[in-house]
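Same chain, two partners: subunit A is paired with subunit B first, then with subunit C.
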Partner chain A sequence: MKSQYVDTIKKEFKEFVIGDPALVNETYLTLKKDTNVMAYVDAIRKEFGGLITGEAVLRNEVYLTIKKEANVKICDYLYHQFNTPLVSIFATDERKTDGHFKVHYVFSCDREDAFIILKINIEEKSPQYRSITSTIPVANWYEREIQDMFGLVPQGHPDPRHLIHFEDWETGLYPLRKDFDIRTKPKRVKGEYVYRRVDGEGVYEIPVGPVHAGVIEPGHFRFSVAGEPILNLEIRHFYTHKGVEKLFENIPFDKAVFLAERISGDNSVAHAVAFCQAIEKIAGVEIPPRAKYIRTILLEHERLYNHLGDIAGIATDVAFAFGAAQANMLKEDLLQLNEYVTGSRLLRGMNTIGGVRRDIGDNKDKILLKLSTFQQEFRKLMELLMETPSVVDRIETTGRIYNDIAKELHVVGPAGRASGIDRDTRRDHPYAAYRELNFKVQAHKSGDVYARTRVRADEVHESIAIIEQALWSLPEGAIKNEVKEIPDGFALGYTEAPRGETIYWVRTEGGRIERCKVRDPSFCNWLAIEYAVLDNIVPDFPIINKSLSLSYSGNDM
Partner chain B sequence: MLEILKRRFRTGIVTTGYPAVPDIAPPGFRGKPELSGDRCTYCGDCVSACPPGVISLEKVNGEEKLTLSYCGCIFCGRCEEVCPYGAVKLTQEYELASKTKDDLQTIIRRKT
Partner chain C sequence: MTVENEIEIMGQRLNEKINNMFGRSLHIREVDAGSCNACEVEVTALSNPIYDMERFGVHIVASPRHADMLLVTGPVTRNMELALLKTYNATPSPKLVAAMGSCACNGGIFGDTYASGGGVDKFIPVDVYIPGCPPRPQAVIFGLMVAMDKFEQKIRKTEVKA
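Moving on, here comes the complex of A and B:
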C-alpha cells in the first residue's frame, strides 16, 4: 500500500518534485493508515481538475498551483469540506523567475500531519486577485498585509483599509517587493485613517493608547461604550513594524537564527526552532537525536515560564497581589534555572541550524530537582487562586470566546484550546522529540478567562512531565550536525510556542534567504480580543487582554 | 485570609541583598564578552560572524584596532564560537550600565 503511494507520487509528480526525489518522505507515508493527504488532493483534482495547473510534493507539503480565478472556490472547498484550518497566507515576488507574484494559502491537515498549499499566480500588470475573506474570515489581516507589503489588491475585501502602512506612508511603495531597496527612506505624506463608528444615544468612545501606562509596546484600542459595557472595540497595531521579513532577505543564515529569536522576546526558542526546522528541511538534514531532545526540553522550559508569567498577570489584573507575588516568585525560580542551564534567562542563543549549540546533559539532576519542588509549589498556588472567591468571580464567564467564533478567527494556542479547539502543533505536526513522548493536549470548553487560566495550569503539569520524560530518555551523542551547504528550496517550519502555533515559510536561493514569512500566534489571536470583550465591562479589559497573552512585537514585525 | 497570612509567613523573605551583597551569575552565563590582546591575531573572523555587527576592525596609521561595543551586543557568543585562538570569551560580568558610550567599548590594538 505504502510503496504504491510513494511510487505513484514519484512517477506522477516527478517533474514537480524539487530536489532529490528521495526527499518525498516515505516515513510520512507509512504513518498514514486509511486516510492520506493525497486523498484530499484527489478530491480537489476530481472536483476542480481543469483549474489545477501544477503540483509538487515535498515531504509533508503538497503544493498545488491553481488558476487565479478559482482561489475562492477551491479554498472554500478545502476549508469547509475537509475542515482544514487556514494557517497562513503569504505572497512572494517571483517576477525575476517567471514574471509573477504568487499568493500562497497554507492549509493544515491536522490528522494527516500534512499541509496543502494552494498557489495562485498574479501578473504584475494587473496586481489583483479575489478576496476570500467573505467566505473565510481568517484571511482578513493576511490579505490586508499582502496589500500593504506587495501591492496586490484583494478585490471584494470587506475592509480594504491599510493594515500595516500608516496614513503618512507614500502610496505605491511596497516594502517586500524585490525592487524596494532596504535602505529606502520614504518621505511622509498627509493622509487619514477612518475608524469604525458606533453612534447612538449615550454611546461614548474611549481611545486608549498607542502609548500605555506600563512599560509595554504601543497599540491603539478604541472602545465604544454605553455606560460600562463595551459595545465595540477596534484595535489598531503595527506601530513598531520593523520590516523583519525584509531583513531576513538581507542577512546570512547563521545570523538569521538570532533575528528569529528576537521576533517575539519571550517566545524566542519557539521562533528559533521553527526557523531552523524550515532550513533543515530544505537542506535535507536530520538533526542528532540528542539535539531533538534538548530542543524539546528548551521549548517546554519556555512554555513553563511564559504560562507562569501569564498566571501572575491575571492575578495582578484581578487585584490579587499576594497571588501575583507568589506566581512571580515561581516564575523567577524558572528564569534562574534557565540561566543556570543555558546561560540566558530567556533561553537565547541555544539553537542553530543543524542542532543546538550547548549541551544541557550535566544539569539533569538539578533540573529534575528544581522542577519537582516547583510543581509542588505551583499546585499550592493554583489551589490558592482557584479557591479565592475574588479571583474566581472576576474570571468566570469573563471574556468569553465561543467555539464557533474561535474557529472562524483561527484562535490558536492556549486561548484556542480554552474555547474547545483541540489543536496542538506538538501532537498534530510532531517535531523535535514530541513524537516519542507522551503528553495530553488540554482542551476546555467554556472559552472564558477561567478556562484560559485552567488550560495554562494544566499545560504546566504536562510540560513538566514532558521535560522529565525527555531528560530520562535523553539519547547520547552529538548535539549538532554540520550543515555545509543550503540548497535552493522552500519549506515550512512550525512549532507550538507558548502562545500557540508559529509558522515559518522559508525560500532559499543561491545560498541566501529569498523569502521568509513568519506567522506569529498573536497575528491570529489579536483579532479575537475584539470579540472577547463584547458585553464585558471596561475594567475587565485588562484581564481579558492578559488571559489572551498577546504579543505586540510578534505581531508588528 | 488566615491561609494567606500563614503562607505569607512561610514564604519569608525571598529577595536577595543585591547590590549590597554581590550576586554572581552562574558559570556559563552569557555575559560581557572580553577580548584578549595577547591571543588575538586580528584575523577578523569575529567581525564577520557578529550578528548585530558591533565588532569592528580598523587599520589606521600602521596600527590595527579591534573594537567591541557593548551598546548593541546581544551576548550570543558567536565571537567566542568562531575565534580560532580563544581570544574572545563571554564572562559572568553583567553590570554594564554606564553614563558614556566610551565606557561601553573595549579596544585592543597592535602595531603592524
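Moving on, here comes the complex of A and C:
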C-alpha cells in the first residue's frame, strides 16, 4: 500500500521535486491521502497552481515550495482563509546543496493534527524577500531574527532594526550562515540603537534593566509614561543570546539533548522531549509505550512546579506575602519530589533519544501520596488567594489582552488560553501518551491577570489528574529503544511546555545536526506584553509580566 | 537527614561566619549574565520558607551599591558583558564575587563562542566557584561559607599591605 503511494508521488510530482531528493525518501514517507489537510493543499493548488514548484508529504508535515514572489499572497491566504496559525518562520543555509537560502513558514492545522510548511528559495546574489509582517504581524520578530542571523532582508518590514545583535555588532557577519565559524569573536564597532519616542507635555521615560532589582533574567524595558499610566512600552531583549542554534550544529546528538534542556531552564523537559521527538521522527523510531507514559508524567511534573512558581510570583507582586510563602513552599515540595523521583530538582537528564534514561515506576505510591496532599494544600491556597479582596482587586482587569489581539500576536500557552484561544498542543497535536489520556483544555475569556491565574490553577488540577491516570495505567516493558543510526532527514518536534507551544525543526545530515530551529513560547508572548501594559499603571507591570510568565533565555537563546 | 535539618546546621555555621566578618548580615546582588534561568530558580528557592536564608543573615538586595557580594550566573554573553562590568564597578570594595553554576564557572555547555564568553573569571575576578547545573541550594550555602573564609583572608591581606 505504502509503496503504491510512493510511486504515485514520484510519478505525479517528479517534475516538482527539484534539488531536494530527501523529500522523496521511501523509508519515512507516509502519505495519508485521507487526512483533510490535503483539502487545504488542494485549495492552494487550485488557487495558486502555477506558483507552487514542489510538493512533498512527510508524516503529518506537508512541504510546499513556492515561488519567492508569492510568499505574501499564499501565506495570507492560508492564514486568513483557513485560520491556520503561523507557528514558526525560519531560514536554512543550503547553498552547498543547491545554492540557495530557504525561508520556511510553518502553519499549524490544529484540527487535522498536521502542519503545512511553505518554502521559498532565496539566491545568494540577491538576499532579499518580501516581508509578510504587515499582513501577518506574528512574523515581525521572526523576520528580524532571520535578517540578523542569515543576512536575508525582509523588504518592506515596518521595523528593520537589529533584533538579536546589538549596535556594536559588525555588519556583514551572520552567525547561522554555514561559512561563519562559531568561535569567531567579532570586534565591537560603534553604533546606536534608536528607541521609539513618545513626545508630549509631561511625558517622560523610565528605563529599567538589563540588571533588575529582583532575581530575574536580564532584559531592558523602556516605559513612556504621563503620570502613572503607561503610554508606551518598548522591550529590548537578547541580552542572554548564547548562540544556541549555532551550537546545535557543532555538537553530537547526545549532547544536543542536554543543550535542549538548557535553553529555558525551567522548561527542560518540554524542550528535551520536543527535540528527541524530532530526531525520533527522522530516525523512524517509535519509543516504547512505557517511555511515552514516563515522559508524560515528567512533562506534567514540570508544569506543576512552573505554575506554582508563577502563582507565587503573582502573589509576591501584589504584596500578599503570606500567599506567596505558601505557594513557594508548595513549589519547593514539588522540587523535592522531583529530586526524589528523578535525581534532579529540575527533572534534567531524564530524556534521551529513543526513550527515557530512568524508570520512575517504583515511586508510584510516593508520587500519588505526595500529590494528593499537595492538591489539598493547593485548593486551600487558591481559595485564600481568590477570596482575598486586596489580591483580586489588583489582578482583575489588569493587563488585559483581548481575544482578537491575542490571535493577531499568536499568544500561546496559558496566556493564550486566558484570552479565549482554545489551543493546546497536547490535544491538537498529541504526542507522548496524551492521545490515551483524558484531560480538558482550560480556557477563559477575560484575558486579564485574573484569568491567567485561574487558567494556571485549573491546569494544576488537570496535571495532577493526568499524572494519576498515567501512573495507574503505566504499561510494562522497556523504557528505551536503541537508536543506532540517525539518517539524513528533517522533522518537526513539538510539545506544550508550561509556557505554551514549543516547536523544534531539526535537519540532520551525515550523522550530525545540520540545522535546529527552536521556537520557545516566550518568543511569541513577549510581543504581547507591550500591548498588555498599555493604560495600566507602572506598579502593575511586574504583575502583568509575571502573569505572562516569560522566559528571557528561551526567547534570546 | 531531611533538607530542613541539613539547612539548619549549615545555616547556623554560615551565620556564625557572617557574624564574624560582616557583623550580622551579608548582602548579595544576583547578576544573571546569560543563564538559562534554572540557576535563578535555585536562587529564588533560597528565599522560600524551607531555606529562608534571611534568618541566617543572607539578604538579596536590589542594587549592587548595597551589596557585599555579587552572585553571578551564566557564561557572560557578549550582550551582557558591559552590564556585568558596570555592575561590578558599582559594587563598593571590598567585594566578593561568586560564580554560580557550571556556565559561570567555565562557560558550561555554552562554551566559548561568538555569543558566549566562557565563564565569569574571564571578565571580573572571581573568589568562589559553585559548580552544578544548577547547584542545589545546599551547594550555594556551602559556597557562601567558602566565600566568607576567603573574605577573611582578603581583609588580612589588605591589612598587611596597609
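Definition applied: the second predicted complex is superposed on the first by the 522 of 557 C-alpha atoms of A that agree within 3 Å, B and C clash if a C-alpha of one lies under 4 Å from a C-alpha of the other, contacts with A are read in each partner's own complex, and residues count from 1 in each chain.
Definition applied: contacts are C-beta pairs under 8 Å (C-beta built on N, C-alpha and C of every residue); 3 or more make two chains touch, one makes a residue touch a chain.
Keep in mind it's a predicted model, so treat the numbers as computed, not measured.
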(message) With both complexes overlaid on chain A, does A:M329 touch subunit B (first), subunit C (second), both or neither?
(response) both
(request) Please indicate which partner A:R357 is in contact with in the superposed arrangement: first for subunit B, second for subunit C, both, or neither. (result) first
(request) Going by the touch definition up top, name the partner, subunit B or subunit C, that contacts more of subunit A. (result) C
(request) For A:G49, select first, second, both or neither according to whether it touches subunit B, subunit C, the two together, or no partner. (result) neither
(message) One more residue to check, A:L384. First (subunit B), second (subunit C), both or neither?
(response) first
(request) Could you look at A:G172 and tell me whether it touches subunit B, subunit C, both or neither (first, second, both, neither)? (result) neither
(message) With both complexes superposed on chain A, which partner does A:K255 reach: first (subunit B), second (subunit C), both or neither?
(response) both
(message) Just checking: does A:S264 make contact with subunit B only, subunit C only, both, or neither of them? Give me first, second, both or neither.
(response) second
(request) Name the contact category of A:G343: first (subunit B only), second (subunit C only), both, or neither. (result) first
(request) Classify the contacts of A:G477 with the two partner chains as first (subunit B alone), second (subunit C alone), both, or neither. (result) neither
(request) Would you mind listing the overlap between the subunit B footprint and the subunit C footprint on subunit A? (result) 255, 258-259, 262, 329, 348
(request) Show which residues of subunit B lie in contact with subunit A when the two form their complex. (result) 3-4, 7-8, 11, 14, 25-26, 28-30, 49, 51, 74-78, 81, 90
(message) Which stretch or stretches of subunit A touch subunit C in the complex?
(response) 166, 175, 180, 182-186, 210-211, 213-218, 238-244, 246-247, 255, 258-259, 262-266, 268, 309, 325, 328-329, 331-332, 335-336, 345-346, 348, 551-554
(request) Could you please specify the touching residues of subunit C with respect to subunit A in the complex? (result) 3, 30-45, 47-51, 60, 62-64, 74-75, 77-80, 83, 86-87, 108-116, 133-134, 136
(message) Under the stated contact criterion, what part of subunit A meets subunit B in this complex?
(response) 251, 254-255, 258-259, 262, 322, 326, 329, 339-340, 342-344, 348-349, 357-358, 380, 384
